[in-house]
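Next come two complexes, and both contain subunit A; in the first it sits with subunit B, in the second with subunit C.
Up next, the complex of A and B:
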């Protein structure tokens, strides 16, 4: 199948998926047996019919659910995600504010996760049952099962408070002003502006949360890399490569790893999407003003427009990442091109 | 390969070494805080952080002392008078204050601000319900007429929701005080990002759920505050606030838990401010037999109050006090711990027997699964369960998600529950919410006027109209005695407010109305 057709087919499939997501989020958000009024209006104002009516009218809550949904879809088609009840700003603007912090953190975390995970996974597969293998497997179990918030709090208290070798919560020291906004990624923006002290400050702030998130992902990646590599290393073509007298490094990297990549890429893709959307705990602990924290706040305050906006964003991220993974498959595995 | 590893390590070391570099020429106060902000617009916002920011950026007609809400002091109004019928108030204004654009404060600004609050139907608009008209007089005074007598009116004006805004600026940004303001007013967006007030600071920016920045009001008349800039940083995790305070990244941590405060006590770099808090924790009992079952019986109400181990709660939450009644302890005339009930299990069991439950009964305790400003409600519910078991009442804990539990409570469908209350109005009249006919007693707990004895209804009606302070105090005393004996609430805990500050920070004071006044805070010079 030519790439264009493959690409188009994947793209078209995402449309019904996104519509389904909006409907699903809408039903779930409406099914909660609680009222946005009690989540957003002070108790003393509950009895003031005019205030309640004004609130309902302002947020469209006075209309029947199907009408609310259709209005929402109509607005969505025009690129309007509505206004958040909690921040009273357009949801799109909120997403623009909070997403870059998450992208920067998740990007760093996935780099750390890949470096650690693929590295240890290869070592543990190549030297199977060695000390390195046992250490890796131990690390995988701990990395995956150790509660991430405990690791975060230990890191914060030991590395930041006690030893002072990394910076604490926030994206920059609080007294430092943000670099001029271009991408919203502080390290990139600081570099663009040539503000290297801010670049360094941002780096020292991101390294700890990124490492905590990355170490969790690394555990999963290491596990998949190990099993996938073990399978490939037992293949005939590896034996053939070795019998041709190739250097072991070339056998492992060129012949084994590239063929073991499919499941690894899948896990990396899923982990990236997961990090982009599910880092609520880490964002809370590190006072990281990201989309996870925004989503959590939206959910607990029944902020319908924000809940819907974030759901669509999360779904789109998953769809996009899956799409990229599929495209990568296309290049990694010639069999997919033929099928 | 080895070279590239060394290079990466070298870069990392350089980067980490540089993280403390950026120095500032200005004085900055950083407050780590769990942001609770709906709007900064005075007519729309009604939350803790909002009050704190409005205190810094606006003034009200009258105000409270810096430390508490014990008396009413002049602010933008230098004096005021009340008409004989108690319906009309005339305010004389101070002509020295300046708005942050340099304009002086006029009677027109005052009338506009009060009417906009009333008609915009925002979260705090209920405070202005009773205002019939607000008129700017030719002599520069303002006359406010109420639709019914309200002795607490002037006290309520100290609420920062009554902040006086610059009418021209607000109008220029879409604001209106007309009766259709609920639909037509569009100034909230502007007032969420800018202030238009006379306070010592002005709002520079607000990134919701991230950071609020205040800078000096260049036209402020009065003693200039110490800090050039105030940063209010949203740090929702208490453990993170503690870490940031210990490392000196923030100067003030407002939301630490009692355990964390204890951990910080030996730290020479940190001081703890401790004082009475705002929240009264109590059990609620529904007066409707169909909903409350056994807890709808007034004898059971008192039995429950007498079964609680009040001393035990004080040990559980160091620094706490036992509330005398559901009336908040910092309100004038409120019963303090010395007049609180004590545990009396024998009498409690006797009352249960009289009510027809000699062997006790089973009941669900409904409450939100929530950490209430550092106090985990689950822990208290477990202690209530253990305490009441000793009197023979078998409590089954039924925590619910906050919004769901609140909805059930709000609709009056909770039989036996656990909630808390902080006053909306810093006047003893706030307690009337808990007597029959009041918001909590009747709407949430169905203790209707028909079910209530005439005695309490008479007391309630008398105190609503009374403006003589001595007589008022007597009436509130009688109401509190009635609540202890016959009310359908069991208040059991009043946790303290504890704030952790870097040493060298002075002038901090927790306030029931505006949390803290940042303009009073300073730092020792190094």
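Up next, the complex of A and C:
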């Protein structure tokens, strides 16, 4: 099947899912017995009928639910996610402000997770039952069992407070101003502007949270890399490649790894969800001004426009990442191209 | 796996006999002993900002965490198994509808969805568990549906038909018992994860009230007294040890039930 057809077919499949995501977020935000009025109006205005009525009218809380949903969907298509009750700013603007911090953190974390996970996974499959293999397997169990918010606290206490080798919470030291905004990713922006001291400071701030976030993902990736590599290394074509006298490194990388990639790529795609879950916890510990902390604050103040906006955004990111993973299959597995 | 069973059994024992093991009352405050260091004044693992004994609270925490984890897994898997069995058995439009719904649930990262639900229902331990059940059932539904689809055309199912069995009888007495094993394996692999997510939720303040001796919320309380490491390290280690033990058991049970998945 040509790439265009494959691409279009997968893209069409995501559309009903995206619509479903908006409907589902809307139902959670609306069908539950809670009262955004009491959560967002100051206590001393509770008995002021006018303020409450004005609040209800402003957020359309007195219209029937299906009308509210269609209004919301219509606005969403125009890029209007409503106004956050908490910050009094458009949700889209809030997301624009907070998303880059999360993209930088999660992106760095997934790079660490992939490097660590694929690396140790290959090593432990190739040298099976060696010390490296046992270490990796132990790491996998600990990595997926250890609560990352505890790991973050231990890291912060030892590496920042006691040894002082990494910076503490936040994206930059307090006295340092943000680099000129281009991408919103501080390390990239600092590098573009040539401000290398700022780059170093941003790196020192991001390395610990990214490492903690990446360590969980690394455990999952290492596990699947190991089992996938073990399976492939037992195949006849690996023996054939060896008998042709190829160097072992070429056999492992070219012949084994490229054929073991499909489950690994799948798991990396699925781990975006773990990353976002972790981001909520990590961002609240490291005072990281990202989308996870924004979502948490929205949830604790029953800020429904913000909750809906963020859940739709995150679920859509997840759907799109897995759409890209499907497209990757096309390149990784020639059989899909022929089928 | 043996280590896992021993550790879990130990924690269950602690949960059952917490009042017998504990040296203090988990809720009583004693401001004169606030932030006592480990070993000081009979507080083996130290005391928190209100002078409550950390060790006692960690022991009592097992009484919240273990039942919560079990409740999420048992109820979540029951709903999931029923949904999946119905989808696979009824087929056609029902199948399509139910599976699209599970896909939808699975598109949301666990904690984001659970957070939105607890925010909407209100913050307490029961709602945190309800939120996790809502998040948990879809993976069981997908699993069981696949298996039911696979075995519903087996000969023994046709035989039951010919013997005049009703649809419900066939589904519950003929098909489900043959489809349930993988769900049990998934449950044991999953319970550690459920406990981890529950602890994460209460760490965020979306679970039990801060006074209750729940491990996640104890870690959170330790954030304000960050240099008093005993406040967050001991409850954190409690979570880690319990989750790790459950994961060991899960891996072991998977190896027993499904040798094909054995990692070596």
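One rule holds for everything that comes next: the second predicted complex is superposed on the first by the 333 of 339 C-alpha atoms of A that agree within 3 Å, B and C clash if a C-alpha of one lies under 4 Å from a C-alpha of the other, contacts with A are read in each partner's own complex, and residues count from 1 in each chain.
The criterion applied here is as follows: a residue touches a chain if its C-beta (ideal position, glycine included) is under 8 Å from a C-beta of that chain, and two chains touch if they have at least 3 such contacts.
Values in this document were obtained by computation on a predicted structure and should not be read as measured data.
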_Do subunit B and subunit C fit side by side on subunit A in the superposed arrangement, or is it a clash?_
clash
*Touching A:48 in the superposition: subunit B (first), subunit C (second), both, neither?*
first
*With the two complexes superposed on chain A, say which partner A:176 touches: subunit B (first), subunit C (second), both, or neither.*
first
*Touching partner for A:13 - first (subunit B), second (subunit C), both, neither*: neither
*Of the partners subunit B and subunit C, which touch A:142 in the superposed model: first, second, both, neither?*
second
*Check the residue A:302 against both partner chains and state whether it touches subunit B (first), subunit C (second), both, or neither.*
both
_Looking at A:111 after the superposition, I want to know if it touches subunit B, subunit C, both of them or none. Which is it: first, second, both, neither?_
neither
*Classify the contacts of A:314 with the two partner chains as first (subunit B alone), second (subunit C alone), both, or neither.*
second
*Broader residue contact with subunit A after superposition on the shared chain, subunit B or subunit C*: B
*For A:285, select first, second, both or neither according to whether it touches subunit B, subunit C, the two together, or no partner.*
both
*Considering only the touch criterion stated at the top, classify A:150 as touching first (subunit B), second (subunit C), both, or neither.*
second
*Which one hits subunit B, of these parts of subunit C: 61-69, 79-87, 205-213 or 241-249?*
205-213
*subunit A residues touched by both subunit B and subunit C?*
32-34, 153, 156-157, 161, 284-285, 300, 302
*Across the complex, what residues on subunit A touch subunit B?*
32-35, 38-48, 50-51, 53-55, 84, 86-89, 94, 97, 153, 156-157, 160-161, 164-170, 173-176, 196-201, 203-205, 207, 284-287, 289, 293-294, 297, 300-302
*Can you list the residues on subunit A that touch subunit C in the complex?*
16-17, 20-21, 24-25, 28-29, 32-34, 128, 141-142, 144-147, 149-150, 153-154, 156-157, 161, 226-227, 230, 272-274, 276-277, 280-281, 284-285, 295-296, 298-300, 302, 307, 310-311, 314-315, 318-319
*Can you list the residues on subunit B that touch subunit A in the complex?*
14-22, 24, 28, 30, 32, 38-39, 46-47, 121-126, 129, 182, 188-189, 192, 207-211, 231, 233-237, 239-240, 243-244, 246-247, 249-250, 401-404, 406-407, 410, 424, 439, 443
*How about subunit C: which of its residues touch subunit A in the complex?*
100, 103-105, 107-113, 115-123, 192, 196-197, 199-200, 203-206, 216, 219, 222-223, 226-227, 229, 232-233, 236-237, 239-240, 243-244, 247-248, 263-264
